[in-house]
Every structure is written in structure tokens, then in C-alpha cells.
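I'd like to ask you about the structure that follows.
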Amino acid sequence: MEKENIILSVKDLVIKFKLRGDILTAIREASLDLYEGESLAIVGESGSGKSVFTKSFMGLLDGNGWIDSGSIIFEGEEISKYKREEDWIKIRGKKIAMVFQDPMTSLNPLRSIGKQVQEAVELHQGLKRDEAKKKTIEILKDVGITEPERRYRQYPHEFSGGMRQRVVIAIAIACTPKVLICDEPTTALDVTIQAQILDLLKGLKEKYKLTTIYITHDLGVVANVADRIAVMYAGDIVEIGKCEEVFYNGQHPYTWALLSSLPQLGVKGEDLFTIKGTPPNLFYEIKGDAFAPRNPRALKVDFIHKPPYFDVSPTHKAKTWILDPRSPKVEPPESIKILRAQWEVVSHG
Amino acid sequence: MVSKEKEILLEVKDLKVEFGRRKKNKFVAVDNVNFNIYRGETFGLVGESGSGKTTIGRAIIRLNETAGGEIIFNGEKINGKISKELDRAITKRIQMIFQDPMASLNERAKVDYIVSEGLYNLKNYRDEKERKEKVEKALLDVGLLPEFLSRFPHEFSGGQRQRIGIARSVVMEPELIIADEPISALDVSIRAQVLNLMKELQKDKGLTYLFIAHDLSVVRFITDRVAVIYKGKIVELAETEKLYKNPLHPYTRALFSAIPLPDPRRERSKVLEVYDPNCHDYENNPPKWIEIEPEHFVLANNEEIEEYIKIINS
Amino acid sequence: MGKSIVNKLTDSINEDLFEFQEYDEEEAKRGGYSNYSYWYSTWKVFIQNKLAVFLLILMSLLLIFTLIQPYLPNQKSPTEIHINQETRLPLSNNPPDSEFLFGTNTIGQDLWSRIWSGSRTSLLIGLVVGAWEAVIGITIGAMWGYIPWLDRPITEIYNVINNIPKTIILVLMTYIMKPSLYTMIIAMGLTSWIDMARFVRNLTVIIRDREYNLASKCLGTPTRRIITKNLLPYLVSVIMLSIALSIPQTIGYEVFLTYIGLGLPVSIPSLGNLINEGRLLMMAPAQRYQLIFPSIIISIITISFYMMGNVFSDAADPKNHV
């Protein structure tokens, strides 16, 4: 593997929130290296901290939250120490842009969509009037909006959900960011539209040389678009690796659980694999492996010591004691074994 | 799964639902829809948002008024004006599970009241003790602890809230449950739990489901037969596996191709089909609703029928 | 992470720990929960605001005092005209002293007992009209908002009533009936509920089509119970605020009516009457106390209800619950 350029490096990040007088630890010493030009998917349940984690790259934490320790280095600069809005303005939109789940909340219903995209073009690309308009129409075309000249004058309510999401993406692209974070970009959309938007994002990434981060709770939707996958649980990345490595050779019991609970992998007439219970309460200190109480095959050590990363390959590591040589052999669920069979083909052929 | 002697539980005939009273803003949400649901099966209704699938479900449970056609439940017509007794009987026998567990529970009521609400209305319990027993059993049935009764909905996670929603329908001992996108607002890991629970309840209580969804991967897993609806019209209806093998209508094919696969290699080689409603020549050659092979219906015009028959025979 | 670091971390761990832990599904289900009660939490948030608690105690004391004041020893009648023993004339405009704590008015009545009697009357009007407004306004408002076929007729009635200025109705009422406490209460009650009803109706319309109400309909819940169990509990905080504001508003309205000469007869002391009397003496510095004392009382009542209403309304919003 050739040496790639790290654009964003997060190290031992701890993010805390003060909520109703109690302290909640949302991110617990998470580390992540993001390579330039790659597309990374961060997968986890709601409450796993995946949104908080990425919002901290843009200084968008809610008022009651703060970075307690750790570092975020973006293009060689320590951004976790930024306090003032002016500092963040230099990053937000310009360098790192975000696309949210619900397109309607990010659009102004009272302005035409052309104007909203053009505003970003003027602000970030320094173009004026006609030039800016030309560029805007070009971007609208790029995000797959047909008849961009006519659509330019229309308002958000005249657009369908999928089309609105395209506009939101157009605004993000107009800022010419280096990193594009997509927070559940397709969750609110129909399945057919979802596939189209993912296809679009994949194409844009190539065209605009973007580094993309997808945030999702559904491992199923990112198989096509992600180069690498990070699985997040209770504020920590428990497994990270190349797309094939995580799908075909996943190691963490939580990764198995996420995958095998997908109905696509279910056998008709039989029960789907499920994860029992709920994610841990982050108000309390978590001891050992956070997933242990929900893991029917947990080891005693899981309840006492937090597992470190064990390397599976140079690009693939997981935080689970199962990978310790002393651990007994733990069999993955049936559906994972079927995926594992493919791993032989992928890794050897 | 489905036995030879199939008993029709619910029959929907030429159903039409319109919104907007005046002619100007009249909007036909459901147009000429026909299907049967057999007792004990899970019938899927798939379509995108705005296709009218939710409207059909709500018309059956009498939340939406019908503008035409008939809904026949157990041999009795239940749409339009009906007697008070029949209304009460239907309330007990047809129940609904809603999409968003965050919005479908009364935040200011305890779980006890939420689950008992239907019982209070029907008064089909002898005394307080029996009501309590029924409610506790319903909670256990859906995998919740009876001690949760005194809690408020906001103390529960999305998955647990959906279980509460299911408990309040099964406590009525219904025959038909209309599940309107019961899992699409939930996390993937929780979806599996709810799907398993629904299947388990179906087995134990002999329930019939009308399962409304936009996601064919879920529908394929849980339903026996499925109808695909597009812009208020059903375009294809068949046994789920048959449909999966031989999707005929271009919209059905587009839906199948959009199922995201948790398998990077297959997903990358997949070709995405996009449905263009202009591909039909319905101006000159209007479509009919025909049974193209046994138990497989499709909306098509003569030209398309020939084409589809070729596909089936190949 | 390098292999050596992993080893250093893991070497210290006992081999025995690499065994399967017994799995307790019940425990996994239970998760982390708290006990919660709506009214208890509301109360807890409310008492966190020290000022509100102080005002609540102050208001309670004031209310209790106005009720028991006549039965305390050495209290004078609010209507008795005191006579100066030497001059045989009414003891008018006697400044506050040990005998008359708040002094006397122009015709020699004891201002102290008049103020408490007046507060009693005004609070009575405020509370009765406020309660009436709440009961009628909420009932009609909720039905107006929730029952579709009632929307048109009630809206028409509202338009008619609302287009006649309230003061005109009050003026008419006081002309038709004899000026008395009951006339006052009836006249105010006749019109005040309409704003409350409209307010509740608008709130109801916003939440009536939420999914949980559809769910109740599917379960066959009758309209009456949907209103009392599904709709009103959601509106408690805003309705409470509105009631809390309407009480001082009513008291203020009474003052206004008396001021323009349509209020209670002079024989019944009320804060309105007292302020009206005091107003006439406003320009005489020595007698200004006759305006100042009733004004202080009405200010305390108004501000207290306003502040408490605000704090309570915040406290009753579950978003602010601990």
C-alpha cells in the first residue's frame, strides 16, 4: 500500500456534554486518521456518538458540549483548541462541509434555490454576478438537476425530497471543500432515490477530488460507496478497516451484530440475528468493553479491562479481546460465515 | 406457508380515496386498487412516499374516508357509513402499528394507560385485576418488563417505544394488524428485533399483517405476498419469491435494483435501474390489471403483456 | 498500534479472565432508567427558582391574610366613618399613625382595613373570573379545535363576539344590571373566555393530527377522552401561564372600569375603588399615601402572578425537567 496523505488526524478525542447537571461522555478516546481522497463510512447506532464525533471537526458541538482532551489535526493545524468563531469560519464550509439528513432544515424556504447555491459560489469562489450564475448552473447540472436554468428560479417547496438533497449537496460543493461529511444523507429518502443520491455522491467525489465521510446506521447502504469503514459504538471506534475487510472479515462482535441483523442477509422464515438490549448509558463510566453487557458471548475480561486495538492487517484493526491469543475461539453468527466465505476469494484472488 | 384452502380475510375492491373537497384542489391519492389479504399471511404493500400506501392502510382502519369502492372484512363491508356495533367490532379486530415510535405514543401518559387505552374503550375485562393481567401479558409478549408500566414513554429507546406501540395493538387481540412502516424510523440493529417480534406474534396469535413499507429488502424478508404501488395505482402483485424472481413491471425492477446489498463486491457490480413513468405508451394503449400467471398480477397494456409473457416463459 | 504496546497492556491481565461470562438477557433489557413523575418534576424545577418560591409564599400569605384579617383583634370596619372626638367631624385624611396604620381617607374610613377588604374583593373577582375563563375557555377551545364540524359555527360566533368591543359589552351589562360584585363578575366572565378559547383552539389544531392521536382513534378512544388525555396534558404549561396572566389582568380591568365610573359601587371597597379615590388626591403630597398603598398591593399581586406564571410554565415543560 502506497503512503497516503493524512488530511485529518484525530487522537484520543474525548468529548463531554453537560446535561441536566450531569456529565455525559459522548466520545471516549476515539482516534481516526482520514486519508486524502478516500471515502470513509462511520457506522453506528443512534447515540453512538458518530454525529458528535464529526461535528467536532467543524466546531459545531452544541453549547453544552466541549472537547475534554485529545487532539484533532486538520492539514497540520491543531483545530481542537479553536475557541473563537472566526477560527472555525476558516474551516467550516470552506475546508469541511456537511450535508445533513433532512434537506429541508438546511434550506431557506423563502429564497430560490439558485440564489442559495449562488450565495455559496460568490462567497467561496470569489465569482461575481453572471459568472457566479454560470457556475451555479453548472453545479446544479453536476448534482443531477435537470433543466437547471428553470430550476434555478424555483423554491425549495417545489422540489421533491431527493431533489432537495441534491440542492443541499450543490451548496456544499459550491464551497469547494476538501472534506465533505454526509450525515445520514439518504435516511429520509425513498430507496430508489437513496441509491441515486449515493451514486451521485460517488461521482462528485471523483470529479471534485473530495474526501468524504459518510455517517450512517445502516451498514447495508455504504458497501458501494465507502473505501474504508469505521464501526462506532458508545463513543469509540471499535473496528476500522477497508470496506472488504470489515464486510467479509469483520472481527468485532458488534460489527457482526450490525451486519447480521440486516434483513438482506436474513433467511426467510427464520429469525434475524438481533442485538439485545440498549446501548450503555453514557452518563456512567464504562468499564471494559462497552458492548460486553449486550454480547451473549462476552468474556470475563470484557467487563474489567478495555480492549486495545489488535491489528488484523496493516489496514484493519479492532478493539476486542477475542483477538487476544489467549481468548477462546468465538464463532461468528451464521450469516457472517457466509460473508467470510467470500473473504477467501477476495484476499487470495 | 400459505395453505391450499385460503380464506380471504380482507378484500379491497376498486378502492378510491381522494383528498380536498373542492374540484380545484382535488387529489386522487388511491385509484382503483384491488387486492385480497388471506387469513394468517403477511401481505406487503411497497411504494415510495406519496404513493398512497399509507392512505390505503388508513382507509382500511377508517381514518381516511373512501371516495369509491369497497373494503370487505370477513364478508362485511366496512367502509362508508356503518353501524356503531360494527365500528366497535372492527376497532377490536383491526389494529395499527405506526411508523414513528417517537410520535405515536402519548408522552404525557404512563405505559399502563397507553397499553390499556383500547381495553378501556371496549371494556372487555371483568375487573381491574383482569385488565392489569392483560396489560402485563401484552408487555411480556412484546419483550418488555411489567415493571415498565409506571414509566413514561420518553424513558424508552426507539425500539422499546415501538414495542409499546405493538403491545397496545396486540392487547386488543386483533385479527388484522396494519403495520405502517413499523421499522423505517428505527436503527438497523433494532429493526431486526422488531421484525422478529412481529413474526413471533404472528405465529403465536395467528395474526394477519398488512405490512406497508418502502424498502423491498425488509418486505422480501417478512411478507408472503406483495403488491407494488406507484402513484396511487398497484402496478404489480405476486407471491414475494415469485416477484423477486420475475419482476415484470419496470418500477418493480427499479425497486429491486435499489436494494442496498451488504456485500461490496456484488454491490459494486450492480446496475441501478431507474424507472421512467414515460416509458409506457398508455395514451394510445391503456393498461389493464391482469393475472399474467397464476397469482401474479401486473398493470400492463397489450404490448407489454406480450413482452412480459415472453419473460416469464424464458 | 505496535505489537509491543499491546503486549505491555495485555500482559498484566490474568489468563482466567478469558472465559465466557454468563449472559443475563433481563439485565440487557433493563438498561439505565430513572423514575419520573410529571408533576413532581414540574414542582422540582419550579422550586429551583428562588424568586418564584418567594413570590409563591408571599402570595399565599397575602391571600391568607386578606381572609383572616377581619377576624383579627383590633380591626376596624372598612366602611365605618371614624369621628374626630374633639371636632365631631369625620376624621378625614388622617396620615398613617399607630391607630390608623395606613391612615384614613377623605371621609374618615380606615385605609388599612379598606385595603385588605379591597384586596379580598379584587382577588375574588380575579380568581373567579380566571377559573371560569379556564373552565369554559379550555372546554370550548378544545372542542373547537378538535371536532371538525364544530370549527365553522364556533368560528362564526367568535367573529361576532370578538368584533364587538369588550368595553361596550361591559358598559351595557353594568347598565342593564345593578352595579354589584356579581354584575362585575358576570360581565367580565361573559367575554373573557373567548380569548382563552381561541388560544386553546389554536394550540389544539397544532397537535391534533399528531400520530399518537391517530393511534388513539384507531383504538376507539372517544373524543372526550382524547381531549382530556391526549391534548390538554400537552397544553398544561401554556394554559397555566395564560391563566396566571389573566388573574392580574382581570384585577386591572376592574380598576379600569371603576376608574371610568362603571365599576363597583363606592360602598364596596375594591382595589379599583381605592385607587380611584387615591387618584383624586394625587396632587396633594401629604395625602398621596392614599394612592401609594393600594398601588403597592396591586403591583405586588400583578408582578407575582406574572412571574410565577412564567416560571411555572417553564417548569411544566418536560424539556426543562431534570
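Read from first to last, the chains carry the letters A, B and C; within each, the first residue is number 1.
Here is the rule we use: a contact is a pair of C-beta atoms (placed from the backbone, for glycine too) under 8 Å apart; a residue touches a chain by one contact, two chains touch by 3 or more.
To keep track of the chains, here are their UniProt names: A = ABC transporter ATP-binding protein; B = ATP-binding cassette domain-containing protein; C = ABC transporter permease.
Note that the coordinates shown come from a computational prediction; the quantities given were computed from them, not determined experimentally.
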| item | value |
| --- | --- |
| Remotest chain, subunit B as reference, centres from CA atoms | C |
| Result of counting contacting C-beta pairs for B-C and A-B, higher pair | A-B |
| Distance from the mean Cα position of subunit C to that of subunit B, given in whole angstrom | 48 |
| Length of the line joining the C-alpha centres of subunit A and subunit B, rounded to whole Å | 32 |
| Multi-chain contact sites of subunit C, meaning residues that touch two or more partners | 29-31 |
| Two or more partner chains touched - positions in subunit B | 157 |
| Where subunit A touches two or more other chains at once, by residue number | 276, 278 |
| Sites on subunit B touched by subunit A in the complex | 1, 48-49, 157-160, 187-193, 195-196, 199-200, 214-218, 220-222, 241, 254-255, 257-265, 267-268, 270, 272, 274-275 |
| Residues of subunit C defined as touching subunit A within the complex | 1, 3, 5-6, 9-10, 13, 15-21, 23, 25, 27-32, 321-322 |
| Residues of subunit A that touch subunit B when the two form their complex | 45-46, 161, 190-196, 198-199, 217-221, 223-224, 243-244, 247-248, 257-259, 261-266, 268-269, 271-276, 278, 339, 342, 346 |
| Subunit B to subunit C touching residues, read off their complex | 58, 61, 63, 87-88, 91-92, 95-96, 98-100, 103-109, 113, 117-118, 120-122, 143-145, 151-152, 154-155, 157, 165, 168, 172 |
| Residue ranges of subunit A in contact with subunit C within the complex | 20-21, 276-278, 280-281, 283-284, 292-305, 308-311, 317, 321, 324, 326-328 |
